[in-house]
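Heads up, there are several structures right after this.
What follows is chain A paired twice: with chain B in the first complex and chain C in the second.
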Partner chain A sequence: MPTISLEREERIIKMKEVEIKEILKKLKINPTTVIIARNNELITEDVKLNKDDVIKIIPVISGG
Partner chain B sequence: MPCKKCAETPVIQLTNSDIRLCKSCFIRYFEKKALRTIKKYNLIDRKEHVVAAVSGGKDSLSLLHFLNRLSIKKRDFKLSALLIDEGIKNYRDETIETAKKFCEKNNIQLHIASYKEGTGKTLDSIKKQFPDTVACSMCGVLRRYLLNKKSRELKADKLATGHNLDDEAQSIIMNQFRHNIALSARLGPTTGVKRDKRFVPRIKPFYFLTEKEVATYAFLNGLIDRFKECTYCAESNRFVVRNILNDLEQKYPGTKHSIVASFLEILPMLKEKYKGQDINSCRICGEPASSETCSACNLLQKIKK
Partner chain C sequence: MRYSRQIVFEKIGNDGQEKIKNATVTILGLGAIGSKSAELLTRAGIGSLTLIDRDIVEESNLQRQSLFTEEDINQPKAIVAKNHLEKINSNIKIKAFFKDINHKNIEEYIKPMIVLDCTDNMQTRFLLNEFCFKKNIPWIYAAIIESTGMLFSIIPGKTPCLTCIFNEINQPLDSCDVSGIINTIAPLASSIQTTEALKYIIHKTTTKELLYFDVWKNKIEKIKVHKQDSCPTCNSNFSYINGNKANEAVKLCGTNSYQIQGPKLKLKEVAGKLEKIDKVILNDYCLLFKELTIFNDGRVLIKAQNEKQAKSVYTKYIGY
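Right after this comes the complex of A and B.
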């Protein structure tokens, strides 16, 4: 199962979904508000993950 | 699907289109778009001193990174940075260090002004005094005041900010909701209704770039250290409008672009309508004001009571 690091909440979870679109949908995250990194490389939402992948969901919203 | 231009692995899919771009094609697209905004709206003239307002966050560091590359390439304007330390514990103190490191590494002169030095109080202590007032509304007044005053003291010709398309769409809608069209007349890629030597014109090179594009640019250039949000951010009206617009954007891609494009069509009429309003000098501090005293002095008087 891919590992998902949620930067805003500072927590790490595992999910059975391998499509980023599905992962965001399940987590109720609006894709326009985040960027996704795998091994420190940005990836688009149509990428399918491998079971050992670790991804970071980084909010794009400015801190103020 | 690969990068539209070179078939490399893409890093982003652009909003409202099927276009995907790889790292180098995206950076080229981003910088070209910012440069086009500078040229189209004549944001920077030759030999000008541009002061970039920085906070150490991703938007302002992206702006500084972009302007620094441009100034090295063009060699026809001077660049320095101005940081306002509001005094927000566990937030600003951390981003200040990031800004300092960036400026040191890139040989950019960084000026720091603080609420404490300018007003005698930090934002944290002002918020403690007025717990029921939204921090952002007080902070915005003091921040704008100090940015203008300090950049004028630095003899800046322009004050550049990292405002992006999302910020502008939010401001337009917020002003609509509050029936504050006079404030909207001051918006646009360059701010202000008319030139006044007491105001340093503000320029927004990232005006047509989305927040997601700015975050992508920041990430690709190693400018995102870690995600950090202002302690008071969730209190603001902007926060609510931002969420509404993001929901709309997801359902109807291109919404934010349309808001800004429609607004730009009516902006010349708004500027014309409000250009006759006089700008006074605040009787307390001498800074520009729309009434007898400026908003910053009004707030400071309340704080001192």
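Right after this comes the complex of A and C.
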């Protein structure tokens, strides 16, 4: 199962879903408010993960 | 003598210092990031600076906006920043504009050689992204909240643009008033941003990755990003610079305030009407009344719980 690191909450969880869209939906995260990195490389919502993948969900930052 | 230690640094040298002296930088936003970036570039000997900000100094700014002092409260950030910077280095040519940048005026104010994004909302950033792509102007996105920051150097046509990285945001992002901000993240973001600017000015190089950093956790991460074939901006399919995405009321980061752009106003006339209701403070730049800050170019900042309330207050006291 892919491992998901939620940067904001400082939580690491495992989920059976492999589609980013489904993962975000299950976590109730609006896709436009985050970026997703796998092995420190940005990936898009349509990517399907492998079972050993580790991804980070990072909130978009807009303050200045 | 002033720059002797900088010149000795091998990445800069005499040639680099000469390039810095001949460079022009535009800084959009003089808040936490912008005020520090402006100071760093001034101390480094940048040739000229254009400072643009739409807001005035508030007491809560003093926690993290390093250029401002208690005496600057209620004064325009761009103007007071210029005054302070000129005392640091009188050789720098500085222009300051107390302006809100929008699709109608962006071409008048945003100029090469490089732009530092120090704004506080994604709407302005997407506008800046389209404009800089169209005009081939390099710019450096930087943003902070809590103890975290993001930064990316964009060279139009060569690197991914902002829209390659971020989807169009369709809900408000967390702001400093909800999540808070530690003041140490601001100089970290500014240091990285200013360094990127100097690298571009001297060597025409920048960091290729998106930087994500957290001052509380002592980490800086580099995230590889790629151009997206379907990116509307990279395909010159613009929607911000043509005004299609202009917002009526924009929420300001770190405050319970909204900005509404209306027709130009004669502040003395407005003051005359409002004085019948409650206390008015009128200076050369703005009018302060209850939860409103009113500017003669038609901008109104309103402290409000939501956009509807902001518009309601605007209609109640301005009348448009």
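Some notes on this structure:
To be clear about the criterion, the second predicted complex is superposed on the first by the 61 of 64 C-alpha atoms of A that agree within 3 Å, B and C clash if a C-alpha of one lies under 4 Å from a C-alpha of the other, contacts with A are read in each partner's own complex, and residues count from 1 in each chain.
FYI, a contact is a pair of C-beta atoms (placed from the backbone, for glycine too) under 8 Å apart; a residue touches a chain by one contact, two chains touch by 3 or more.
Note that the structure is a prediction, hence the values are computed from the model and not measured.
Judged by the touch definition given at the top, the superposed model places A:37 against both chain B and chain C. In the superposition on chain A, A:50 makes contact with neither chain B nor chain C.
Touch criterion met: A:60 reaches chain B and chain C at once.
In the superposition on the C-alpha atoms of chain A, the part of chain A touched by chain B in one complex and by chain C in the other spans residues 7, 30-33, 35, 37, 41-42, 44, 58-64. Listed in rising order, the residues of chain A touching chain C in the complex are 7, 30-33, 35, 37, 40-42, 44, 58-64.
On the chain B side of its complex with chain A, the touching residues are 1, 9-13, 15, 20, 23, 55, 57-59, 91, 95, 136, 162, 167, 210-212, 214-216, 219-220, 224, 226-230, 232-233, 236, 242, 246-247, 249-250.
Contact residues on chain C toward chain A in their complex (touch as defined above): 29, 31-34, 117-122, 125, 142-145, 148-150, 165-171, 173-176, 181, 210, 212, 221-226, 228, 253-254.
Interface residues of chain A, counted against chain B in their complex, comprise 7-8, 30-35, 37, 41-46, 58-64.
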